[in-house]
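A, B and C label the chains in the order they appear, each numbered from 1.
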């Protein structure tokens, strides 16, 4: 994925889809070489720093589990045919399965099998990180075709002290205040939930780095839950001090819906930016409640942590039929779907960058006519552009930011960026200088 | 009425109905022996202290009136038949009637008669506490059957300096903060408005005393208006210092409706508890405005007094046809109606007892799985009970109490009592220690 | 216009209509003798002080333009007939036209002509204050009747250093706090927008002066925009210190609608008074947004000025078809229309005068019965007037003013004026003494 000029981002969808395709086959899990491989591929596009935290480390209420390695897994029937084979699809083995090599009857095997009766062609995604188990996942149709008899089940895995691996990218801006972006890299071959997240985040990272920014950016690629807890436990003070807005990037690959899930507080800068962009550009977006949460905002927004992290998604986890099954595959996502999510997210970041509180420098209205900003022939018809300027100035009172003004005067917020520049250049408004909110 | 174990309260309705039946015939008024007799009967169930305040005492803007005694009252026709007889129904005489023994024509008598043209079979309830009058109340049918002629009218009453009598029960809890309960005992033979109030309050008193309580309870049985003013004038400072919630108990005997009338402030702990219980258990309840008030909240919530007193009722005074007539009799109330009101009111008290502000002790989510509170097999389906725990923890942020959390996460508040206990036992939440709000 | 006793204001409509008729023919503009003549006529009714500010003076971001004089203007056809003639209608010349005396073809003339295709019988009102131009306005029908040929165009005007002229009236009250009223006098022959404003304001001034007032009144008759900016630039500090409410009086002459346009803040005393009066008396009124503004509130409510100025109108500028054309003439306004606006506006002023925060002097309800304010016979029916008193007392808690109480208890605010007087006379409420809000 090579993108050099900002103009290239218009065709970022195809590049993201190609990167997603390359990452798809890797057998990722919470820990292990799948994560490492994934990060190495991303490092070709962005200068990620990779961190490893030892198994057994305490992170808040949790302990980092052993590292899981999986080489092969299959079920042999009495004719030594692999009736279930990890090489066909890495979803076939329950994540974090302990090793096994036994022969057993179908009846003994059944409690170790997972399938979905109402989705008979889908292999479900099942994990057992914190309880020692082994198991196989298969389509319900496969399961029903199994005949009575003896089966040999082999899982060639091991669980040994190792590391939890994650990637981090810091892009300094002109202020210490930070925008935080988090995505996860712990699911095997699934496309919308999960790989859309890292590939869109990679493209966002390139977009951020493509020119100087006001805010600093902290971008992490972590395993879900234990990874966000680990990152929080190591960086809590600086995150609480510096982060002014954040996004959890997940489920950003299909082209069916736009979705918004608020932070716990619900009215942070991240929430306000997401809502402003979605309302202006995708007013049909689906608005979820924080009660519908299910990803790392559970950690980032927990009491005492309270980071301003919201989610802007396409079809939200749990809300689409293919979720957490083998049907969440390369056909479910598209370059258009990825491009759409990338666009909305970089518009959110752009809004956060552009957002200011302005103060009108005049008492009374300024004389726009002599600046060429107002028609100098008075007739009975109001003048739309001049009115936008006057409305902007009327609410540039040192208390409203651009998001507020956009909402009050009913003009899309992106139209206000250049308007503000023009008015500032004319000396008609100035930015309200505030002490940094944090730090 | 004897109730010893908490389990007995499940059948409290029948006991309350029996007590109501016993109290029904007594000729109560604002003052006098009817009030004393009523309190004596209640003292068999609960250890009420009886107080007497002399006639002529100033209470705020008012003066306690003389004590009224009524022995007999009747209207004799020319054949010496009692055509209206106080012995038939104590509503037949206007409350606080001065004595009279005169013979007069029907025309002279008419201005002293009260009946209801649109309820021709009801004897209305009429009083004249603060203006010297005499009068008789009768059904409109009775009135129309009176023929021209001479009538002898006799009211054997007297109005002499005496006392205003009320009952008080203090049940100490582990804190000085108090819940205040007020009911009135000044109406003659009427069932929903009034006797349901004292009998439900008596049962609530027994329920409160049946086990140790966090809060102290102050329970008063008073004549309406002048009684609440009297009580306030003698206890205002301590009430304002200690009372965290209160209820005026009236109209709690029929089984047609549940009703809520707010305190003047509208958002006190009493209001929040009443609304939470009614919404969870009787969502069809009728919500009145403080402008619909008509009982002692007029005094308790007046400016400068401002006690947090709300009302939870069955069919509200003035809003049912039988109100303030002889039709508000033993057939209008039922043991089921009384039981329902008792249940809602003790659930309000229980909620006030259980209500706490909790604070999550972890940063990030705790690991519920190793505590057996979360399924340790990750699949595509969320787990309802585990989600309730996580939602509870997400909002246990030191600012929300149980009522807030119930409303935010959409779980009935009573389900949160044991949940909070479990989480506190696991060390996952702790109660926020606050200085006592009052005193 | 002579009005001496308050009772005369009942027939003020006819007097206002006569004054409007007298003022109608004058050729007003932003500056010049038309303004002076107008103010002289108003001085017959009210003791206006006339101020003159020299051309070239800076007022905030603006400069007062040269004074414009217009003596005659016409277009002659080849037969020396005046096909367009300023003497017929002073709207025929573009306001602030520079002098011209030229012969030209119709084609050359066309860019200097203004007409309305969709209102072919209306002469539009056009001005060019800040850009040197000349032009004629005519009906579209007139314009279409012009034949090819040579035309002589004559505008006998001049633009020379002179003055901006405005009138000011100060009516002292018992406090230094002020109510501010502004109206404009810069439009030529138009009735609803504009002359209704000065004539209603003149009548309001007489009404204010007809008896002693609590507040001081500052009333200005100014040219729109440059006049309000001029007045603000000379009085900003005292206006910000003293003004507690203000109204911009414009479009108050027809009888089609009542309209309300808020101040920028939206909840000032002026807004609350306007809404209370309109809701009680004209609930069908049209409520505009501050985004619909278009008159001097643009200056009075601008950031940093922030005066509490709202507008109560009949048919609002821009919202009626005749606006800014020759159709806004004497037939569009009526004495009933003027009377209605005058009534609503003086009711707003009366409300501001009467509005107080009261505090109940009793704890508990007072005994209204012994004061003759409550029926002393207790029956089952509530008593409406007594209930209004009790409701008033319940909310007279030292935080609600009359406008709040009216809204809470659902009683028109004007009914509360005498109620408050009665209760104050009885010693049941007292006014909360507050330090002056401003100054």
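Operating definition for what follows: contacts are C-beta pairs under 8 Å (C-beta built on N, C-alpha and C of every residue); 3 or more make two chains touch, one makes a residue touch a chain.
Predicted model only: the values in this text are computed from it and were never measured.
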{"item": "Fraction-based call for chain C against chain B, same above half, different below", "value": "different"}
{"item": "Angular offset of chain A relative to chain B [C-alpha, multiple of 5 degrees]", "value": "120"}
{"item": "Distance from the mean Cα position of chain C to that of chain B, given in whole angstrom", "value": "56"}
{"item": "Multi-chain contact sites of chain A, meaning residues that touch two or more partners", "value": "none"}
{"item": "Residue ranges of chain B touching chain C (in the complex, touch as defined)", "value": "59-62, 95, 114, 124-131, 133, 225, 228-229, 232-233, 236, 264, 290-291, 294, 298-299, 301-305, 318, 323-325"}
{"item": "Residues of chain A defined as touching chain C within the complex", "value": "359-360, 362-367, 369-370, 376-380, 382, 390-391, 393-398, 408-410"}
